[in-house]
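In this document, chain identifiers A, B and C correspond to the written order of the chains, with residue numbering beginning at 1 in each.
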Amino acid sequence: MDLTVKRYIVAALSFLFLVSLLLVAYQESRRLRVERKLEPVVTALNKGCVDCHRTDSPALVMEWEHSQHAAYGVGCVDCHSANQGEVDAWLHEGEYVSALVTPLDCANCHEKEYREFSQSHHAKAGEILASLDNVLAEKAAGMPGNNADSVNGCWQCHGSIIRFERDEDGKTITSGKENRPVIDSDTWPNSGIGRLNPDGSKGSCHACHSRHAFEAKLSRSPENCGKCHMGPDHPQIEIYNESKHGIAFYANRDRMALDTQGDWVLGRDYSAAPTCATCHISSYMTPNGQYTANSHDVGERISWTLRPVISTLLNSVIYQDGFKEDYPHTRELPEIGDTIETIEKVVENEELVSRTVPRQVARIVTWEERRQVMKGACLNCHSDTYVDNFYQQFDDLVILYNEKFARPAKAIMDDLLADGVLNPNAPFEHHVQWVYFELWHHEGRRARHGASMMGPDYTHWHGMYEVSKHFYQEFLPAVVEVARTKGAAMGRKYEQRVEELLAQEEHQWVKGLSDQEAEELRQMYQQRYNE
Amino acid sequence: MADFQEQQTPQAGFFQRVSELIPFDWELIRHASAEPVPYHIKKWWFCLGGTVLYLFVIQVATGIALTFYYVPSPDQAYESVAQITQDVRFGWYIRSLHKWAANCMIVAMFLHMLRVYFTGAYRHPRQLNWCIGFLLLGITLTFGFTGYSLVYEQLSFWGATVGANLAEAVPLIGPTIAYFLRGGPEVGENTLTRFYVLHIGLLPTLAFGLVFLHILLIRLHGVTELEFEGKEVPEKERHFRFWPDHATTELLIGVLLMYLLTIMALVFPAGLGEPANPTQTPEHIKPEWYFYFNFRLLKLTSLRVSVVFTMALGGICFLWPFIEQWLSRKFKVPDRVWVMLGVLAFLGFLVLTVWESFVQ
Amino acid sequence: MEIRGLGMDLKGKSSRRDWLAAVAMGVGLAVSYGVFALEGLLFLLPRQIKVRTRNLFAGKISQIQVGGVRQLFDLEGNAILLRRKAEREFQAFSSTCPHLGCKVHWEEEEQRYFCPCHRGVFDSDGVAVSGPPADGGQNLTQIPLEVDEDAGVVYIEVKDATRRRS
C-alpha cells in the first residue's frame, strides 16, 4: 500500500476516533443529566416490617419498592400506623398497626385529593344500601344468613361498611397472640370505592390507586375505571372501547406518557387520546397557556345525571364545610347564605343512618358551568362548534329517551301503585316491575351513556332499540296483565290507557306506516334482498 | 542489511549533543530501527504482534488511571469500582476501555500465536522467542484472571475461589501455590491484596521484561524472511522501510484499535453485577471466556485429570519448537502433518470454548 | 540513518500530495489523541463529581408542632434533627457535632442545641455560641429542606448513598 494512501487512511481513522470520543463526551454529559430511577429507601422505622415481610409476602414488598413512596422513604408504618384504642388497631411487633388504610390516612400527605374525593359521588358509592339494586342482591339473589351476592358483587365495587365481630356485649372479638380484632369477613377484604370506614371516612383510595406500587399509569388507564364502570347497567368501558377515543388510546398507548410524574396534562404531556381520567379528573391545557388543576371530585364536570328513571341536568350546591349536593335543574336552588337542613348518611354503630345537618350555602355551580369545565378538555382537540353540536346531539338523545319512554312509563307505574295494583312493599313481585326496572336501569342507561361518550352501537342497538322493543313488546302488555290481576275492570282501565298512549303521534307507527313509507320499505327490500 | 546514510539535518545536530551527555552507542539503536522490513510484513496478519503490544500499552495506561480510584480492600473494592463506573468523569469509559482492551489483547495474542505457528517462525534458531511468547501468554491470562477478581462482584469472588481450587489440584506443589495465591487456607482479605499486587506490580514487571526480551530477540535474529511458493518477488520489492512506512502501519492499527475499543465502550460498557457475598454461592459460576476450554475439560473429566492434562499440554506447547525439531529429525515428518496438528489443536480449543459458552 | 522525515521525496514530483497526507495524518492523530488525553485528564481530576442527592420524606407538617423537634436518618445512617421553628419555618441540622463528632441534642428549656462531650452550645439556628465549637467557629451543618405546603409534607435533601446495579 502506498504510503500516502496509508497516511490518508490514518487521518480518516483519526477522524472516526475523534467522532467516537465526542460520542463518549456526549454520553458522559447525558449521564449526569438523566434522572434515574431511585433505589427504594427503607428507613429505620420500616426496616423491621420489611425484613420480615420480605419473606412472608415477597411480592408485596417488591411492589412497594417499585413505588414512589419507597423512593421517598415512605413505608409500612407511615401508612399502617394506628392509635391505641382504635377499633381496628392492634399491637404488632412493637407498633400499633391496622390492616385498614383509609382515605383519612392517605390525607396525611394527600390532603387536597382527600378533600376533593370525599365530596364526590365516588365517596358516596357505598350509600346505595336502600336502593332497588340492593334489594335485588340481598333479597332476590341472597338469602337470610347468606348475602354473598352483595358481598362479592355489589359491595366489591360500591364498598362495604367495615364491621367487626363482636360478642353479646358489643365488644370486639380478638384472636391470636397479638389480640388482633376480628373483622367481619363479609365486609373485608373490600376496596370498594365508597367503602365506609371505622374512622368515619368514606371511600378507598386504593380502589383506583392499586397498592402497593400505587402506579400512576395504572390509575390513568381506562381499564382501571372499567372494573366497576361496566356491565348492562352502565357500560362506560365498553362504550369507551367502541368509541374513537378508545380506539385512539389503544393504538397509541405508548404515546400517552402514562408514567408522567406529577401533573399529567392533556395538550402538554400527551395528545393521542383522552382516557376516563382525562375528561373526568385530570388536567388539560387552556387557551391562556396554563393548565387546569386536576380534581378527584369526578362529578365536577358532569351536567346530566343519567342514573335515574328520568334524567335531569345537575346544579351543584356547595356548603361552607365543603359538603356538596346535586340539585336537579327542576328543583329550586337556594340562595347563597341560606341555611339548609341537609341530609347526610353516616355510619353509626356499624350501620348506615341518615342524619340531618344544618349547613350554610357557600357556592352554587350551575349545570352550564359544570359543562364548561368538561368542554375545556374537549376543546384541546375539537373546535367549539364541534363540541357544542355534540352536546346538542347528546342532549337530544336524553330528551328523546325522557319524553318518549321514561316519562310515560313512569306515569303508568305511579298510577299502578296509586290504584293499588302494585304493592309498594313488593318491588319485584310482578313481571312488569322487572321489565320497568330494566327499561330505565339497564337499556335506558345504556342508551344515554352511549350518547354521552360517542358509542353509537350502545346508543342504538344496545340502547334505544332495546328500550323501544321492551317498551312495546314487554312493558305495555305486562301493564295490562298486572292490572288484570286486580280484576277485569282494572284490566280494562289499563287497556284503555295503553290504547290512548299508542294513539299519540310518536306511537302511531306501530299500527301502520303511511302508504308511501310502506311502499318505499317494500321496494328497498326487493332491491337489496330480492324478496 | 541495508546501508545507511548520514544526513546533516537539525535533528542530527541535536542528537549529537545528547549523545555527548549519554555516551551510549546510539548508532546501534538507529541501526536497529532502520532495519528494512521484509515485504511479506505488508500482509496484515503480521501486524498481530504489534497489536498485542499496543493493547498492552493501553492496558497499562488505563490501568494506572484506574488505580487512582480503586481501593483493594474487600469492603471498599466493589464500591470503588461502582464509584468509577457511575461517579467519576469518564470513569465508565476508562473502565470499559480497560475491559475491552483486555479481551482484544487475549484474542490478538491467540491469533498472533496461530500466525507464528503456521508460518513456522518458531523454528531454529528462534525457539527461545516462542518460549518467551508462551510465557507472555500465561502472564496475560493471569492478568485477566486477577484483574477480573479485583472488581469483587459475585463472579469475581467465586471465580477466584474456583481458580485457587484448581491450582490446588496441581500435583505436589498445588496446595502451596493455592495457599500462596489465596494468602491463606480460604479466599479472604489477603487474597484480594495478593491479586492486586500481582495485577499491578509483579505481572507488569515480568511482562515488561519479557516483552523487551521478545522484541530484542526479533531484532537480533532479524525478521524471518519467508519464501512463498509460486510468487516471484523482484529484488527491489523484497524489503521496505521501517520508517515511515511500517511505522505508519503501526499508527494505523493503533488508531483503528482506539476507534474500535471506544465503540465497544459506548455500545457495551462494563457493567456491575451483584457485590461479592462469601456466604452465598451463585447458581452458575463461570470463568472468563478464555478459560472456557479448560472449564469444559474440567466438567468432562475430573479436577485432577483436567489439571494434569492442562499442565502437560502447557508443557508441550512451551517446549514445542524443541519437540517438533526432535520429532522431525527422528521420523522425517512432512510439514503438512504439523499444519494438520495445529489445525486440530485450534479446532479442539474452539470446540471446547464454544461448547462451554452454550452450557449453563 | 534514513531520515525520510515528512515524506520529502527526492523526486519532488508528488511531494505536495505526500506532504498534505502527512499533515492530515499528523493533525488527525494529534487532535484525536489530544481529546483522548483530555478525557483522561478529566478522569483523573475528581473535583467536580456531582454529589447526587435525593429527597426523603421527613414528616407530615400536621404532625410536627411548632417548636417541636424530631430525629430522622439520612441514607448513610447519620442522625438529623428536624425542628419546626415557626408556623411555616422548618430547619434541619446534622446532629453530628462539628467539634469532634459527638451527638448533639435539642434542649427545649434552654432553646438551644447542646453537645454533652465538651459542652458545646449552639443557638436555635445552629450557630455555635460557646464551647469548643464556638472557639473554632464551627456551626451545625444545615441540611437542605423542601416543604410542600399543598401536600403538607416536609422533605430533607440527603446524599444518595444507594448504588444502582447496572
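Criterion: contacts are C-beta pairs under 8 Å (C-beta built on N, C-alpha and C of every residue); 3 or more make two chains touch, one makes a residue touch a chain.
Everything numeric in this text was worked out from a predicted model, so none of it was measured.
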| item | value |
| --- | --- |
| Chain pair with more C-beta contacts, A-C versus A-B | A-C |
| Nearest-to-centre chain - CA centroid comparison | C |
| Subunit B and subunit C: spacing of chain centres that average the CA atoms, whole Å | 41 |
| Gap in Å, rounded to a whole number, between the CA centres of subunit B and subunit A | 69 |
| Subunit A-subunit C separation of Cα centroids, rounded to whole Å | 47 |
| Multi-chain contact sites of subunit A, meaning residues that touch two or more partners | 3, 7, 10, 13-14, 17, 21, 24 |
| Sites on subunit B at which at least two other chains make contact | 89-90, 93, 244, 248, 251, 255, 258 |
| For subunit C, residues that touch 2 or more chains besides their own | 7, 25, 28-29, 32, 36, 39, 163-164 |
| Subunit B residues within the subunit C interface of the complex | 4-7, 9, 11-12, 30-31, 34, 61, 65, 68-69, 79, 82, 85-91, 93-94, 241, 243-244, 248, 251, 255, 258, 271-274 |
| Complex interface listing, subunit A residues touching subunit B | 1, 3, 6-7, 9-10, 13-14, 16-17, 20-21, 23-24, 27-28, 31 |
| Residues on subunit A engaged by subunit C in the complex (per definition of touch) | 3-5, 7-8, 10-15, 17-18, 21-22, 24-25, 32, 36, 38-39, 41, 43-44, 71-74, 78, 108-112 |
| Residues of subunit B that touch subunit A when the two form their complex | 42, 89-90, 92-93, 244-245, 248-249, 251-252, 255-256, 258-259, 262-263, 265-266 |
| Interfacial residue positions of subunit C with respect to subunit A in the complex | 7, 14, 17-18, 21-22, 24-25, 27-29, 31-32, 35-36, 39, 50, 54-57, 60, 62-63, 72-73, 75, 150-153, 155, 160, 162-164 |
